[in-house]
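Shared chain: subunit A. Partners: subunit B in the first complex, subunit C in the second.
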Partner chain A sequence: MVSNINTIAKNEVKTLFKEKTFILILVIFILMTLLSNYIGWSSRTTIENVFQETIKKVVSSGSRQIPVDPFTGISILSIIKNMIVYIFLIGSLLAIIIGYNSFLRERLSGVSKIIFSKPIERKEFILGKIYGILFLLLLITITSFLISLISISLITGKILSLQLVVKLIIFYFLSLIYMFLFSIIGLFFSIFAKSSSLALMIPVIIWIFISFVLPELTSALNPTALLNPANIQSTLPHGKVLIFLQEILKPFSVSDTYKVISGSLLELDSTGSSTSALNILINNSAGFIFMIALLGAAIFGSYYTMLKFDATEEEIYE
Partner chain B sequence: MSNFTNPVIVIAKREYIDTIKNKLFLTLIIFILLLTIVSITVSSLDFQGKVTDYKNSIQILKNLGKTSDTQAAPQFYPLQMLRGIINYLEIIGAILGIILGYLSIAKEKGKRTLQLILSRPVKRSQIISGKISGNSLLIISILTIVLLFIFLIIREVAGVILSFSEITRVVLTLLFSFIYIMFFFCLSFILALKMKVLTQALIICLVIWLVFVLIIPQIGDTMDPDNQIPGGFFQSLNINKLQEKEIMSKFHTYETTRNAVEESSITKHYERISFALLGIKDTYNGKNLHYIFKDRWMDPVWLLSFLMIILFLQYFVLLNKNTVSWEN
Partner chain C sequence: MPENVKFYDNLTAFENLKYFALLSGIKNPETKISEVLEYLDFKGFENKKIGEFSKGMKQRIGIAQAIIHDPEILFLDEPSSGLDPFGIKKLREIIINLNRGKHMTIFMNTHLLSEVSKMCTTIGILNHGKLIYKDALKNTMSIFKDDTNLEDIYLSIDKKELSID
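Our next item is the complex of A and B:
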């Protein structure tokens, strides 16, 4: 059984590497990591200069009150804060495409009809697919982690402390879980949906719901404000109804959980450096457990749907 | 040739009827309408919460024997509640356009009817015009439903009946929404027509959507020094708008680059003109339409230019035999 799963997983990886789509995804991911680091560095340098100009302005106006630098105590890891938004935005959507492509390819080419006539059990097949997807996401995440680590070291001119490296590793591990969740949602609909456009667009609608609608209900922030990393740690709505909604929905809002934990791991506020990675996870345990439970449910859903999949189905329509 | 046999009208009519029967299309419409409700309700609740917070803080100040002159009361502008809807139209409106363009070609390729239509005495330009007309009408129908929803929900949730002037502004905003959605329709139409594998066309469309709609505006926003801190960097330092302008004039290259990044996205132009018309951007709140269009004329021009270029490409692709991929 294990060898069959390995063969399917290897085949999945090989096929995706041959396809232009995966290469495109990998290139986008590398570009977005580099872009994130550049924007982080550029905006941080500019804002420090803007602050110095502001001080000059305040001093020349004769004011005795010199403003405090709002970035005092903000960690160097915050340079890659845009990565949080890119993973929750781009990473998760690309993960859907990887999951969607994984089985829909077999259905469109008619391979799904042939493959189950061979001595391969469906559970081996789906587990092989899942391992293959996980391996690819792991590859993407490791590449992105290494680029971030090297970029931060180059920008700051020093090697990161062990504590910061651990936080960076946990951030990327969390990102892997987050993307894996969306890829499995994509996989589930590629097995379940009757048309190829529905198989892609339903996960995209779910993605919009998770990324924008739920966070709007828990923070009253409009969709574009949710894309600003500065708003991650400060989402407090006004009014009893919205505060009540926030308390109820917050643990179920997976993207909020991802952004809040990631924001703490990358030490986006001044208290971040004093909190250990373990404490960050404990403080957000309800949301984190729900994220894992959702991932488990998506894996089980894909597994169960594959067992029930009608291999004799007529050609899938657009 | 009478109107009833005009191929453009026949194709447009078929396009309209086929699409409204499509499950995916219906799902998206329901989703957009639900988001309209959620967005206005959340904005209204948030505003009510701000008013309550304001009243409470005034009461506390009074109890402490202090004056409350320094704190301005939250002002209610019903059209500002539409900020979320504009954001959703930016995101889901574009997806709607992509789906319409994709479905328009996918159904023909799936049933191999495009070759059949072309074997009849129908010009290629008539096919494109028919498809564009049918889908334009469909998008206008959807935006009209959204307009009715906006009117009803604002009345029910916030208890406000929009004035004629306010409705005019919403209608103009929806007109720009139409141009914006049509851009994505044409983009997906071209890709579906040109590419051999339809699903790949859809994936590439989504990647382009991601870049134009979410990434470029996000980069511009996060590069903005004032957006580095919740509530605004300059506000946190008690710097007024005039001083802010003076300070930022020393970072001209950085600001020009940031602006150029934003200008390259059709979404940002759509957002800017919509926010100006609806008074979401404070600078334009309470200003008349003449002032707004005089100040923001570049955004409608950009929007129209984007649409014209893509429309030209659309005609070029189908009129040029060699650029079309017939197979699914």
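Our next item is the complex of A and C:
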């Protein structure tokens, strides 16, 4: 069983690496990481320069009131905080394409008919697919992690502390889970849907719901937190119903969970025990557990649908 | 082997065959692939991408993946469908060799009755999923002496039962 799963996973990786779509996704992801690092470094440097100039002016004017460093309490990892937005908006969409493409190309081309004429079980096939997708996403995530690690070290001119590396690893691990969830949603509909357009359209609708609709009812009530992963500095007055709705829905809004945990991991300074990676996860445990549960449900759904898949089906509709 | 057999177009013939051989339970498929390609007179094309192959070449790779694990029985669905005369002739030779050389029992369904008369030893006629006739080809030809070819025999077996579009 294990050898068949490995064979299918290896083939998944091999075929995707020879597809232009996947290469494009990989390139986009690397560019996103580089861009995020550049923007983070550029804005931090600009703010620091302005701050230094301000201090000079304040000192030369004879004032004793020195302004506070704008980066007090802000982690150096915040340089890459744009990655949160890129992953939650673009990374998840690219992950859907990876999952959708994984089985649908075999259904569309008719290769699935040959595959299922071989002595392999459906469960081996779907587990091999899931393993292959996870491996590919892991590869993308590790590449992005290494680029970020090297960039931050080069910018700061010193090697990151172990605590910051752990936070960075947890951020990328969370990003992997988040993208994996969307990939499996894509995979599920590539097995379940009766037409190729529906197989893509439904996951995209789910992506819109998770990324935009649900946050409208939760974090959007504090507009600055909708796209910005920064911690909420002030809250706006709302009716009791909206506040109640926000409290009820928040653990179910996986994009909010991702943004809040990632924001805390990258933004908050590592001093103080309340900002440790473990505490950040504990503080958002309900949302994190729901995200894992949703991933589990998507995996089970794909597994079950594959067991019921009719390999003799006529050509799938476009 | 299904009609219009399809593969991963962006992989080479060797990579495709290796994948299907591994799924068929062959542990070290490299030697076996080489053997099968040699048998099918297809050496020299293994490192070309399948997307660059003609229909006839794809059919031969289809046969290769189907026989790579030395099955005793082979099912072929419309193997000559869409092939040019050269491709049909080549495929016919391969199928006959598989039967005579490797002693495989081959079930083949086709609408090309001329191919049946050139290849098959036993024929069966299906009408709406029901087997309405089955006999050795030689017997059939001797019983229906007046009919000159298999098409005439086919039509005369049961004109009432067969629906002719």
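Note that in this section the second predicted complex is superposed on the first by the 272 of 318 C-alpha atoms of A that agree within 3 Å, B and C clash if a C-alpha of one lies under 4 Å from a C-alpha of the other, contacts with A are read in each partner's own complex, and residues count from 1 in each chain.
One rule holds for everything that comes next: a contact is a pair of C-beta atoms (placed from the backbone, for glycine too) under 8 Å apart; a residue touches a chain by one contact, two chains touch by 3 or more.
Please read all numbers here as calculations on a predicted model, not as lab measurements.
Peer 1: For the overlaid complexes, name the partner, subunit B or subunit C, with more touching residues on subunit A.
Peer 2: After superposition, B is the partner touching more of subunit A.
Peer 1: Is A:Leu217 touching the first partner subunit B, the second partner subunit C, both, or neither of them?
Peer 2: first
Peer 1: Of the two partner chains, subunit B (first) and subunit C (second), which one does A:Lys14 touch, if any: first, second, both, or neither?
Peer 2: In the superposition, A:Lys14 touches subunit C alone.
Peer 1: Under the stated touch criterion, which partner chain does A:Ile114 make contact with: subunit B (first), subunit C (second), both, or neither?
Peer 2: Touch status of A:Ile114: second partner only.
Peer 1: Which bits of subunit A are touching subunit C when the two form their complex?
Peer 2: Touch list, subunit A to subunit C: 3-4, 7-8, 11, 14-15, 18-19, 109-111, 113-115, 117-120.
Peer 1: Along subunit B, where are the residues that touch subunit A in the complex?
Peer 2: Spelled out, the residues of subunit B in touch with subunit A are 23-24, 27-28, 31, 35, 38-39, 42-43, 45-50, 52-53, 83-84, 87-88, 90-92, 95, 99, 102-103, 106-107, 109-110, 198-200, 202-203, 206-207, 210, 214-215, 217-219, 221-223, 225, 227-231, 233-234, 236-239, 243, 246-248, 250-251, 254, 271, 328.
Peer 1: For subunit A, which residues are in contact with subunit B within the complex?
Peer 2: 20-21, 24, 28, 32, 35, 39, 42-43, 46-47, 49-51, 53-54, 57-58, 67, 70-71, 82, 85-86, 89-90, 93, 97, 101, 104, 108, 195-198, 200-202, 204-205, 208, 212-213, 216-217, 220, 222-224, 227-231, 233-234, 237-243, 317-318
Peer 1: Touching residues of subunit C toward subunit A in the complex: what are they?
Peer 2: Residues 1-2, 4-11, 15, 19-20, 22-25, 62, 65 of subunit C touch subunit A in their complex.
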